[in-house]
């Protein structure tokens, strides 16, 4: 039965409202086990003329981009070695941690670290899980399988991985990577 | 400015409403970059006498337990080797995948698998990320550090891990585990 | 999808709210072809402390009795020849018209009129249709079959009838009766 | 005091909303004896962009035509002997019962039945009562007086009648007719 | 926290809504000591198509002009001796009382009264206080200082005054004036 | 037609809600010329369990006392020479200005100032006008007539006065007084 009414300042587009409806529906279902088709979301666009806080009209903040899409775009850029594109997606204080590494702060460090490990690696995705954190960062997990080629020309595939990203204000500020590469190599 | 009004059938307790307010607030902030203190949530309890769908009164479904708490309880039970307690928290079709394993379906399989690997392992937590999936399962990630003792008496600590759980109807139905144990061993 | 919210002063009981939900659901479906289970009615009880019109608190008017039930009770009293009971249910200006009669204003007139026609008659009901008129009167139609006995001892049954009632302020103010008795007699 | 708020998907026109306001006002007054001018109806048009059930946008169903108008048009067509027009207004499973008849399923049956009875008949209306039934059918009663001419050239007038119609999905599916013709003839 | 939702018929312009938001915010803060920035006002414009009272569409009444502005315009006209302009702003039953006078009903009376008192007087404003009275009149107080010139050529300034106006339907219907002129003259 | 819905945290009593309904009704009528009986105010008490801002429950602030009543009590205390009582009603930064005086900050100054002027004075009230200012202060005007006795035993009466008060947080912080005493004495 749950009915969610969201009052927001006018200005969000159809796609942004679709995203709002999805996260609000999921939020309700996180606590109340209602079938999805019994969760109704109604969005009330409030024109700025019709909204006042403290006697003062307010303006809507532009919607945040979809953090899962940001992660997809970033990973695609990295895989295509478009470093400029990827670098432009990183926010202040960016840090990434890979298996066995200390936090790295630049893409150059990552490339340096991976160089002796494999010739290239690509990702196949099993799923993305995205949510808002309690603070300002959105959190995105992506998981799936790695495949690629070692320097000796041998190849690997089906290696499980999971990445955790924090996205703040539309920029990636943190990446944590786990995978089974060492496990697989140890068993090889 | 966003104001969320949630109409639900009367019967949810204070803690359940607190949880609803949190996920609804986070849901809005996933799309709209409003400061938290500008996101208002009002819950309207609708007595069953006052709610009808298709001319018929409806009853509220009991709230789902907090899936992050379920995961914490499960991990604590496993660490304390309270297998009965842990087993009771698993749902139909439960499957768990650890580094290098195929999906395992019983706790006995896991114990068998881990036996040659270490004497014991405990977890220190850096954080839990929980959300509702699109389907019926809630998803919980927990991450942190492993420490423990190998069979040769040497110890380990500070080994990064992340677990992904799916919780359906209050039972754990899937666990996926990644960690740096092999990486650390390879570098040892 | 239609959602009806009704704000009324606190004080209506569960049965009265059930009746409100039914007529409101039907009202929506009179215009919008939504499946019943997609029509939601939420009633908001407003305590008198919380409702003001023109700066003044207002009190809820007692609910009207169900006019279909009034008609059922009246017809049962008439059939059982409880004239006192039936008469107490009639309102000012009551008038009833039967096949071939001018408007009659007292139950005695009706008894006088029917005396030569049959020894007794009872009714079997196929259905009641009740609605609010544009004015203050509710309108109730009941239809079904007549059976009974003529003065010559012969019996009749399966004779179609329909009655139309107007109920104002809980009292019957008008009754119009149609049936096939003359048709049946003509064909006998 | 009652205030009705109706949330519907955007797309209903002014006349349809007028009809909604009327039936909702009447519905409230069926239970609560408020003066009409104290019953407020507010309709909230919800753009499809702003409404979601189960995370999915929904479309408004086209409004049903006014069933009383359908009955008026049908009776006018029959009186004018526009059988094609009338037939097009009948729905699947249509059945009509006249005084003394079994259910008839075609207009031809009706014409056959009436042929020996009178040369023609026209109707004068005293009123229409229309409402939604509990199921999908709307119910319309119309009542008034019959006038016409018998085959012997004599005329009749002032004969009471009432018709009950069921209208489903904009088509007439049932007609039941009662009148005083036999009574009047018997007394002639 | 207070949130005010105002439902009004569509048609008020941005400035009129700004005024509504201000008086509604102030009204809440008259009773509840919320910081202004915690008082939210949302105005819901209801199209006439979507609003019915007693089954009937209603039209919005044009907004009243700002009574404080009316007072300012009137006082400016008087100071500039634009008597025609000022007179046009007076309503039926207008009466004004100045220190020591009986109620005067025409501007001519006022001019006659003031003639022996000073050559001219102008006003400097410290503030306007405007509110709706319980009846139809709005009430405006303005206060500040008088300066001007006596007939002997001497000047005065810094003389406190306060005026109280009643404005009904956009016309001034009452003015009451208090000031320290006599006090100052007595002390001169 | 205007309908005001006020959402406030649960805890305000009947009298406080009555006051809210009055000021909200007046606020609407300050801009929209609706007859009072067409202005509806509905207050929604939101339990603290059901209200969250920034994921956090909030508590209702105790209502402010009626500032007009504070002024009445203060003037009554002054007239009865209950200086302790009156002094306790004054807030930080209190200042009062009487005809011809500089701002006085203590009741003793006022008594000193009035001593040579009259033996005593009492007030008869024609009306109180109270409103919230834009800042934190409520503003109360009271007006009426002064009567009393001079030191020579002669009496006066019917002398117009008006007082303006500012009340902040339930304490009087400013009083400005105008009256016709000097005018009357000059004309005596």
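Each chain carries a letter (A, B, C, D, E and F) given by its place in the written order, and its residues are counted from 1.
Quick note on the criterion: contacts are C-beta pairs under 8 Å (C-beta built on N, C-alpha and C of every residue); 3 or more make two chains touch, one makes a residue touch a chain.
Chain identities (UniProt): A, B, C, D, E, F = Phenylpyruvate tautomerase PptA (4-oxalocrotonate tautomerase family).
Computed from a predicted structure; not experimentally measured.
A.B. asks: Tell me which chains count as touching both chain B and chain F.
C.D. replies: Common contact partners of chain B and chain F, which must touch each of the two, are C, E.
A.B. asks: If over half the contact pairs have to be identical by residue number, which pair among B-F, B-E or A-B is the repeat of C-F?
C.D. replies: B-F
A.B. asks: Counting shared numbers against all numbers at the contact of chain A and chain D, is it over half, same, or under half, different?
C.D. replies: Counting which numbers both chains contribute, under half are shared, so the two copies meet through different residues.
A.B. asks: For chain C and chain D, let me know how many angstrom lie between their CA-based centres, rounded off.
C.D. replies: Computed value for the inter-centroid distance: 19 Å.
A.B. asks: How far is the middle of chain B from the middle of chain C, if each middle is the mean of its Cα atoms, in Å?
C.D. replies: 58
A.B. asks: Quick check: how many Å separate the C-alpha centres of chain D and chain F?
C.D. replies: 63
A.B. asks: Do you know which chain E residues sit against two or more other chains?
C.D. replies: Answer for chain E, listing residues that touch two or more other chains: 1, 3, 7, 22, 26, 40, 42, 46, 51, 53, 55, 134.
A.B. asks: Pairwise, which chains touch?
C.D. replies: Touching chain pairs, listed by label, are A-B, A-C, A-D, A-E, B-C, B-E, B-F, C-D, C-F, D-E, D-F, E-F.
A.B. asks: Please name which positions on chain D make contact with chain F in the complex.
C.D. replies: 1, 3, 40, 42
A.B. asks: Tell me, which parts of chain B touch chain A in their complex?
C.D. replies: Residues 1-9, 12, 16, 19-20, 22-24, 26-34, 46, 51, 53, 58, 60-64, 67, 97, 99-100, 129-134, 136, 138-139, 141, 143, 160-162, 164, 169, 176, 178-187 of chain B touch chain A in their complex.
A.B. asks: In their complex, what parts of chain A are in touch with chain E?
C.D. replies: 7, 46-47, 49-55, 57
A.B. asks: Taking the touch rule as given, give the residues of chain B at its contact with chain F in the complex, in rising order.
C.D. replies: Chain B reaches chain F through residues 14, 17-18, 21-22, 25-26, 35-45.
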